[in-house]
Amino acid sequence: MEDFEPKIIAFLCKWCTYAGADLAGVSRLKFSPNAVPIRVMCSGRVDPSFVLDAFAKGADGVLVGGCHPGDCHYAQGNYKTLRRVKLLKMLLKDMGLEEERLRLEWISASEGNKFREVVNDMVIKIKEIGPSPLKKEESK
Amino acid sequence: MSKANIAFYWAASCGGCEIAVLDINEKILDIIEKANILMWPVAMDTKYEDLKKMKDKSIDVCFFNGAIRTSENEELAHLLRKKSKILVAFGSCAHEGCIPALANLFNKKLIFDRAYQETETTVNKENTLPMTSFDVKEGEIHIPEFYDTVKTLDQVVEVDYYLPGCPPTPNIVEDAFNKFLTGDLPPKGAVLAPVKALCDECPRKKKDKTIETIYRVYEKEADPEKCFLDQGIICMGPATRSGCGHQCIKGNMPCTGCFGKTPEVNDQGAKMISALASVLAVENEIELDEKKVEELISKIKDPVGTFYRYSLASSFIKRKVIK
Amino acid sequence: MDTNSSSPRVGVFVCHCGSNIAGTVDVEKVAQEISKMEGVAYAGSYIYMCSDPGQKLMRETIEKEKLDRIVVAACSPTLHEKTFRINSKNAGLNPYQCEISNIREHCSWVHEDKAKATEKAIKITKSIVEKVKNDSSLTDIEVPITKKAVVIGGGVAGIQAALDIANGGYKTYLVERDSSIGGKMAKLSETFPTLDCSQCILTPKMVEAANHPNIELLTYSEVENVSGYLGNFKVKIKKKPTSVKWDICTGCGDCYPKCPVKVPSEFQEGLAKRTAIYTPFPQAVPNKPVIDRENCLYYQKGICKICEKICKIGAIDFEMQEEIVEVDAGAIVVATGYQEYPLQNLSDYGGGRYPNVISGLKFERLLSASGPTGGQVLRPSDGKPVKDVVFVQCAGSRDIEEHKPYCSKICCMYTAKHAMLFKHKVHDGNAYVFYIDVRTAGKDYEEFYYRTTEEDHALYTRGKVSKIFEDGDKVVVWGVDTLTGKKVEIRADLAVLATAIEPSSGIMELKQKLKVSVDENGFLKEAHPKLRPVESMTSGIFFAGAAQGPKDIPESVSQAGAAASKVLSMFSADFLHKEPLICEINEDVCSGCGICIMLCPYGALEAEITTKDNKETKRSKLNEALCQGCGTCSSACPSGAATMRNDISKNMFKMIEVILE
């Protein structure tokens, strides 16, 4: 368990969180390499199927990053994401998965530091709760 | 032309799929005219030993209903696969796991505890539980092993075609029989039902979707002319394959999703979760803070039972994690 | 669109970015690992991919290795996605089959452990390779444009926008619900900070608009319905029945003096009366009367018809019906302006109860030479001259609890103007002003305010007025001077409330017709508060003037010019070009459930109903011109009918898979 490195998939909206992560890079902030980003046009593009598929394939955590409410490049995509994530979390709980494995964060293009902190914090929290119980047997 | 050899089998199921075969009524006579039924446990006595002795691929089409719950189910799935040219997952249990797969919210231990100890009508002081082998004076007897997780048929053997539904409706069954007996078959792996979702055949008046709040079926008498979702009642129709003749809808009950996902979708529940959450309060979404969103979402009771009633075993997550 | 995913030949170019990437990521190892992937025909690295030699290398390799799609593992796509897409286009590939793997900002710059950073760079790149393998060859979308504009609202903003567009050479329909254009500005006396007479500077513009060969005035008309989209709107306009045949009416003005009906004049803010057949003001454009059916004796009681008898040319038409005209337009400018916050909402100030407590606009009429008093400041109650006047600023503005939370912006300046003009007219009079802050940001504004206080000696008191009540023929104003902490009581002849301004009535109906949004105060919501201030979220619809937020004349006029220039730049091309990375509805899959329709912020999805063999079929239909490609519909579509071009879900599952391997 000591050397457990969580695998996190981060769905980042192109306009805010992805750009915020870019800013973290430009600012040379250092943080855990555990989160691998996938760029989406809007957090509203994040289909719950993607999240569940990621868990089923052994992700220890899934991060969804979108614009702050009111800032969505597409006006209101992020509001849909919020409701989907809330409902997904209810489902995950009923399926015996820890809620903390799925995280929705509003990170703007100017919040490079917030992106770093969210990723670091997520890695710490997931290390605490341990590897996903859905991990394939062979990747134990 | 010689008659085709067909077989029926039931694994973990309720028996409804057997009735579904009979629901085609007198048309079954046409089938018997064209086919020999080699095996049909509900109707005729066939020994597994006889089945084992058959030549491989000697069954032309095997209709396998029921999910894989026990080692016996699994063994027969393998055996029938070997003996059959075409293996058909017949009905929702074999197709997607269906109601038996909701037991994936528990495991063997929890189920046994409940069934053999906790139920109010049970007295089991010695804590006797099913065993897979037991010595009696005639020798050792074996009973099948009960698995932790219910699986779909295609999770244990290769499946050629699927008949959706809990149970498959007579039109679907009849159509499938005709297809098999005439050899007019779609590509392997196909689900023998239309590709569109139920809304396509549903005659109710549909609005562009916005749902203010959710009602459970008993909380509101549904207007039989209007789309259930437009009335705030969860209907799985948009995420469920059509072809059933919208019988539930005709009975003024919403679709619960037994025909399973549509072909472009990987996880029926996830898609309905996305659809429903998206349109919920969409018109005044900017006014809702996180707490209000939570209140609204909490009106959706039992997400697994609602969105995965029939498809849990075939979903991405498949079963509950029990530590 | 063709998907040649059968046997893709992907080329992967890993950039060192000097040591920016290569310092933390083992670029050779990335190339080596990626080269093992199915479908990857080439994987190599180079020190600076974006440099000329780097791009040349890329083009040469595309030719040599017969590559058909490209991944560049380098910096953020924000920087060089375009560069590399153009480069692959120059090498004969489709630009949309070139993707960027961001291994600098998202990897080498933020990690220190080389092994881990390399591992992450491999994963990111693998996921992008999976994406590019299924990318289709796409071409930009062309949308034709109808080069005509509709301007809604005939105030100064609308007039200016219409003139600018018309001067650019394009037909413009100027729609105004009143019988004359001119709006609020026509009511003003003089304008800050130069004290130009409002009518004098506005009337020529009104006439110019009316005579402009490219402008069609549609006054006494309202927008009934808007359909269509950017470049191709269809606007249905309801022409209300004027009861006067404007085509033959000469505007001689013989009819209205004879009309026996007298009702308060809207233009004079109720300070004078008008007749039932009337033009709102003498300089009205068009200068043709309408019959106010609510008050006309004929319509109400079936008697009179005096106007009909008087009109020699027979222009009166009591049977006139409303008419709907439909116009095609490529763009719409909304300039519906503002109205005053109702005075009666300010009950602590006796608003609506006391005749001598009036709003700013009413005071404008008292000051105006064309007003009911000929420009003399007389008390509305008894017509006696005003000696002492109190101006109450922020009457309803900046009041989160009870009224409007926002600053109405124009009141500080018009109150300074009111005080100044009053002092100019009543030399021995006193002008008291209560204010919270005086906000005079604007060219020459502070100087103007300075003149009011220092040269014209208006008395400014910092503090809010708590109460206004009548005492005899005076109005008594109670307030506090917050600088001295003392209570202040002023017995005045007149109190002028600088009432908050709010969007014009009807904005909520209009916003629905236009499918644009409003903010929490009902003002039109711009696409971006800073970078797209005159554009709506709905492409092709622009804003001008106070409908978007409180604005004075110079701001309204500049915004009108900005909106017009947006329209003109749109009209300068025959087609609109847009990126093809948008939604696609698979009609063979769509069941017409309607889930997606309300989710689209641009109204790009519509339910289309077709009837065949007596069976109604409903399908979602995409308007390519409107879709911006956010993908919210696709992720919500419960049957998988809505997909995103080059961002299909099937890809996403592959991407997730390779990341989690």
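All chains are identified by letter, namely A, B and C, in their written order; residue positions are counted from 1 within each chain.
Going forward, contacts are C-beta pairs under 8 Å (C-beta built on N, C-alpha and C of every residue); 3 or more make two chains touch, one makes a residue touch a chain.
Just so you know, these numbers come straight off a predicted model, no measurement behind them.
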item: Chain-level touch network, classified as line, ring, star, complete or other; value: complete
item: Between A-C and A-B, the pair with more C-beta contacts; value: A-C
item: Separation of chain B from chain C, taking each centre as the mean of its C-alpha atoms, in whole Å; value: 52
item: Between chain B and chain A, distance of the C-alpha-averaged centres to the nearest whole Å; value: 33
item: Averaged-CA centre spacing for the pair chain C and chain A, given as whole angstrom; value: 35
item: Residues within chain B bordering two or more other chains; value: 265-266, 271, 274, 278, 282
item: Sequence positions of chain A contacting 2 or more other chains; value: 47-49, 53, 76, 80, 84
item: Sequence positions of chain C contacting 2 or more other chains; value: 599, 632, 635-636, 649, 653
item: Complex contacts: residues of chain B adjacent to chain A; value: 105, 265-267, 269-271, 273-274, 276-278, 280-282, 285-286, 288, 290, 293-294, 296-298, 300, 302-304, 307, 315-323
item: Contacting residues of chain B [partner chain C, same complex]; value: 195-200, 206-210, 227, 229, 237-239, 242, 262-266, 271-272, 274-275, 278-279, 282-283
item: List of chain A residues in touch with chain C within their complex; value: 7, 9, 19, 21-22, 24-26, 28-31, 33, 36-42, 44-50, 53-54, 57-59, 73-77, 80, 84, 116
item: Residue numbers on chain A that touch chain B, as the complex places them; value: 47-49, 51-53, 55-56, 69-70, 76, 79-80, 82-84, 86-88, 90-91, 94-97, 133-134
item: Residue ranges of chain C in contact with chain B within the complex; value: 586, 588-595, 597-599, 607, 617-618, 632, 635-641, 643, 649, 653
